[in-house]
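Labels run A, B, C, D and E following the written order; every chain starts at residue 1.
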């Protein structure tokens, strides 16, 4: 099977810091690919390079076999790649519903919508509320609350709900459960499975090993700016994975770079 | 034993939203108190009320038996209460060392320091580097990097290192391991124990049940803006705790409010 | 694989978790409601300040509360109000446009000279002026969105450039009102008026109110309006969330340029003549920014409503007229307007604080 | 208790985890180093623009590269440079001070009138002027820090108030240079000069350079300086991290007021006379902001260096003088300075982009 | 109680400050209520339009206006007159001149012409290779600015090119034009720049006396205290400067007289509806202009500074 999304030799430098160091990457159709690694290993930079949020200095990215070169996240979104960034990317002063539909607002039916381009607020609010309920975010008391007034976890929930609702080709989640409670995390994992069952592959960055081993089909282990190896959760224990990503052990057939 | 820090009947409203609803709170000397609860339950608001970052609408806070009323976090810090906020509270454009010493900078020895008020950069940098190494944040390549260039986890690490290094009476950590990797989380837990062994009590907010049950002496379960109950990790299982905080079960002797 | 199961074993506690949406009882006192309303309605505070100002001057100056006086106030703020529409959308994107006045004056000169120097029919001259004004705004937008210049510096530059170009192009020549009335009355269109019951209300006033109403709708109820807010709120986040911030910025500045050109056309109607030295070129930016800020719109972008700007412009207009009627000396007028700017915004901040 | 152990069992994998600090090989090419240096040194780009401007005008205008011309440029920017010091610290806190010019002019009037109207000895009059200037700045600070007014609006208000107060207090009276020289030469102190090799350099120029140097040190190497940056960078975060942002803001505006009063004193030396109508009152704010922004300091606070401001002021001075020497008409000079402001900042942005 | 309005170009220029004082004194004497207005900057006719509207709304009997833009103000003046208000143009005639009921004005072109002729005659044969610096008001070139500058050049015998614009002359004797905002600071900076361009400047025209004082500071610093400076206005400090030799000659105007005449005319109009008549043979009531210098030359009528000090306006 051909990878749906493929990165080769990606390099990204920030001044003195090399965040991606000739990194490779593959995502196959319909799979959940987890990406794990130390803090600062370059995971977020990797997915930013894929989603158009940063432009890699070197290397090539292919989507469905065709080389792509996104220069903005909007292009990636248009190509069906939906991302939850670690920084969440929300407009603090706008409401939850506004944020969820940012860039793909619904217009009112009839003349008001087509000529006067009026937003369909009630429909957007209803949809937003439904998606949040699916995630179990019951403590959100007011769907018109500004996002800046939400708790850390509530914000995370809104971002995840947005990506899951709109992703059509790839959904990328950068630590989606980091700020979430037990109940809400569980819902996100269910949601991830749900998205996969719609045939959409998912890239999941997480530091939560139990979660990773529970849902991932393959695990991409990132170390010092590059892919160290890819493992299947069935073949290795969590302990092995942790050992690989922290440099305590080396997987077979891989040599630590000098 | 008298509580070191005691809150009674704390109320905080944000417009239509009631974040704290007549909440009580106790912290005893030398203990690690975990605070758990759903997203949006009001945990962060509670610790903000204690650390002077928000002023509660009602209720009273006592430190060592004396009523206190901080109107800024600076006053709380001066009283020895050091906090890592969920939003981290760092100046993005300044360096790691600058951020760690913000508000308590070291001055150079001799005339340069006393008359010309020159900062002792080398000493501050050395100290910062040491504290980060203690946390195992080895991927930070340059101690003079601006904080905005750090990865999410690295930032979290810097904030935790700052609080642990300077807290003298109470250290408050709001989800300190949320963005951290396995290795780094472990270090933080060790650091928490370390701080306690210096006799300083700690308030730890976390959604990570294994961590909470591992280090906490007591667990404050927060639900719908108030303290539902306080349990000892030895007396209940994680499952019970989760059931309490999500409302699946009620602890003995507590009635769910109408 | 086994420990995955175990690790999550504590999640069994989730079974039967409450699905209740959090609800707290709310105090429904009148005061609380008022506070909530003040908090929710960014234009409420300037409106209250305006009411108070009207009352005070009504008492102090005998001729103030005449329909004639009030209609004069409206016509005096028409131009600032239209420039304020331009300034509002720019400031909502966390920008600032120092060139608004210069674009307005230059556009009016272009319309006038196209007619009188080059003999273009007035209607076409107006269209040319509007297009060129829009283009000037678009240049601002390009500098800011594409070349990433800070808006303050980009528009500071274009302000100087356009003002100088205006003087050079016009050769400092004022076109007289009587000539315009004779040859190109279309240029003076907005100076026309209706006179219900003898009180003269300029078309320009209706235009200003219509523009405020339209923009209020656009900003609140269309996707584009939301994008403007998002761009000003946190441009990086907006970009990541799928707002084409660059495009939005260019559109915003171009639209602002268009409004300025409209203001230029209105200036011809209001003053009768076309004068390159009109002080709007120098002061239009500060005046419009003052209206915007008194109207409660944040200079850091993303917060506020255009209706607030309208009240802001009115507040300034009422103060100026009121002080004139009371007979204050010009320097004292400037002094008091300074005091009142600070006072108006301080009251605004205070009410917000009390209400929050 | 048991599952706590199990849950963390995978952490066994941590044993022997690498303790290596990440290190990547670095390209050490000259170009890379240059880029890195440009990136690290915010004042480098304005310096380069300045060099280029000097070269270009050196070629275009024959009288340009004379020591006399260069010293005239320095003395022409002395006042803007000192106001720029005030503006820089304010802008670093994400504020803006529109009242700098008004404080400077009013302070100079206060010094002059204290001596001539009230007969205070000149030295004491200067101290009074400096204290009152500082107080005016402190009022700005109080409005901004305590009453939470946006800096733009607070200083817009005080600008108008101070300028009007200046005219009212002075009764528009100019104190003549010859009177000052006869009775109160201390007022004209900064107009004195040294003349090494016949080239006249004003004391005012040395004062400006000294102020820039001192503030550069203070901002970079003292805790207070770091607090100024932190306050501008993210005030909420700074407050939570233990910076007394309110106090810092008041100090910053008060210090800015002090610098403005110093500029007022320098104005007397430089112009000889004390005039309430000095253009600095109207234009000092825009001029100083221009210098700051061309110098690469972010209007959003927290980024940039005061040395950049100095180069920014010099760039404007060089352009103005160069264009005059080339023989440009004043209207075209105005036009070209607009172009060059945009150009200078565009080059700055471009170099930053290429270097990052 | 008769009420009247005085609208000046700005109220920071001492010229208009004194005009206002004169009007106030006369108003107090005649029992007229006087309200004053001003533009914010030179050339600001918009504030003047707003002021006219305020006066009409306020029921004023008459308006005294020193117009910033002589054409642009005409419509609002017409509206005021239609409302039965007497409008008197002060200092600057409107365009067309009959837009106002009557005009009490100085001839600014004449003022420039006098100092030009004086400079030309003083230089004598050297006039042919003079080096002239022109310190004007602002790049907006309001009408006073143009009239004085062009009058001066005419007096010097220089071709004006477009007489409605300064700066388009090509005579090689002109070193350059600079703008000063009419104050010391502007005069100083402009002079410094022109000296850098050509250190041999020997004639300096200035828009008014404060800018002349600034220019003198620059010349003094450059060790060129013998340069011929000419100016316009005739304020007391300016006449003093002529006396001290700082300024060679200045054209004096009479703002107090204009204002007092204006207020009196309004009081008269309020009393019996009569309007004042213009000077014989002119379209306006000329309040006159006199050249003040202590170095009179043949062919240009002038008065000395002692007389000038008696007539000066503050």
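Keep this in mind: contacts are C-beta pairs under 8 Å (C-beta built on N, C-alpha and C of every residue); 3 or more make two chains touch, one makes a residue touch a chain.
By chain, with names taken from UniProt: A, B = Sugar ABC transporter ATP-binding protein; C, D = ABC transporter permease.
All of these numbers come straight from a predicted model, not from anything done at the bench.
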**Asked** If you take the chains that touch subunit A and keep only those that also touch subunit C, what is left?
**Response** B, D
**Request:** Using the touch rule from the top, work out which pair, B-C or B-D, shares more C-beta pairs.
**Result:** B-D
**Fill in**
Farthest CA centroid from subunit C: chain B
**Message:** What's the distance between the Cα centroids of subunit B and subunit C, rounded to whole Å?
**Reply:** 44
**Asked** Could you state the distance in Å from the CA-based centre of subunit B to that of subunit D?
**Response** 40
**Message:** Please tell me the distance, in whole Å, between the geometric centres of subunit C and subunit D computed from their C-alpha atoms.
**Reply:** 30
**Fill in**
Distance between the CA centroids of subunit C and subunit E (whole Å) is 37
**Set of subunit C residues in contact with two or more other chains** = 3, 7, 9-11, 13-14, 17-18, 20, 22, 24, 164, 167, 331, 334
**Asked** Mind pulling the subunit E residues that touch 2 or more other chains?
**Response** 11, 41, 139
**Overlap residues in subunit B, where contacts from two or more other chains coincide** = 15-17, 40, 87, 139-141, 182-183, 209-210, 224, 237-238, 242, 246
**Request:** Throw together a list of every chain pair that touches.
**Result:** A-B, A-C, A-D, B-C, B-D, C-D, C-E, D-E
**Prompt:** Can you list the residues on subunit E that touch subunit C in the complex?
**Reply:** 11, 33, 35-41, 43-47, 49-51, 53-54, 57-59, 68-72, 74-76, 95, 139-142, 146, 162, 164-165
**Fill in**
subunit D residues touching subunit B in their complex are 1, 3-4, 7-8, 10-11, 13-14, 17-24, 217, 221-224, 226-227, 229-230, 233-234, 236-244, 302-303
**Message:** Which residues of subunit D touch subunit A once you look at their complex with the stated criterion?
**Reply:** 7, 9-18, 20, 22, 24, 26, 36, 39, 356
**Item:** Interfacial residue positions of subunit B with respect to subunit D in the complex
**Value:** 53, 72-74, 77, 83, 85, 87-94, 98-99, 102-105, 107, 116-119, 121, 136, 138-141, 182-183, 186, 209-211, 213-214, 233-234, 237-238
**Complete:** subunit D partner, complex, touching residues on subunit A are 15-18, 21, 40, 209-210, 224-225, 237-244, 246-249
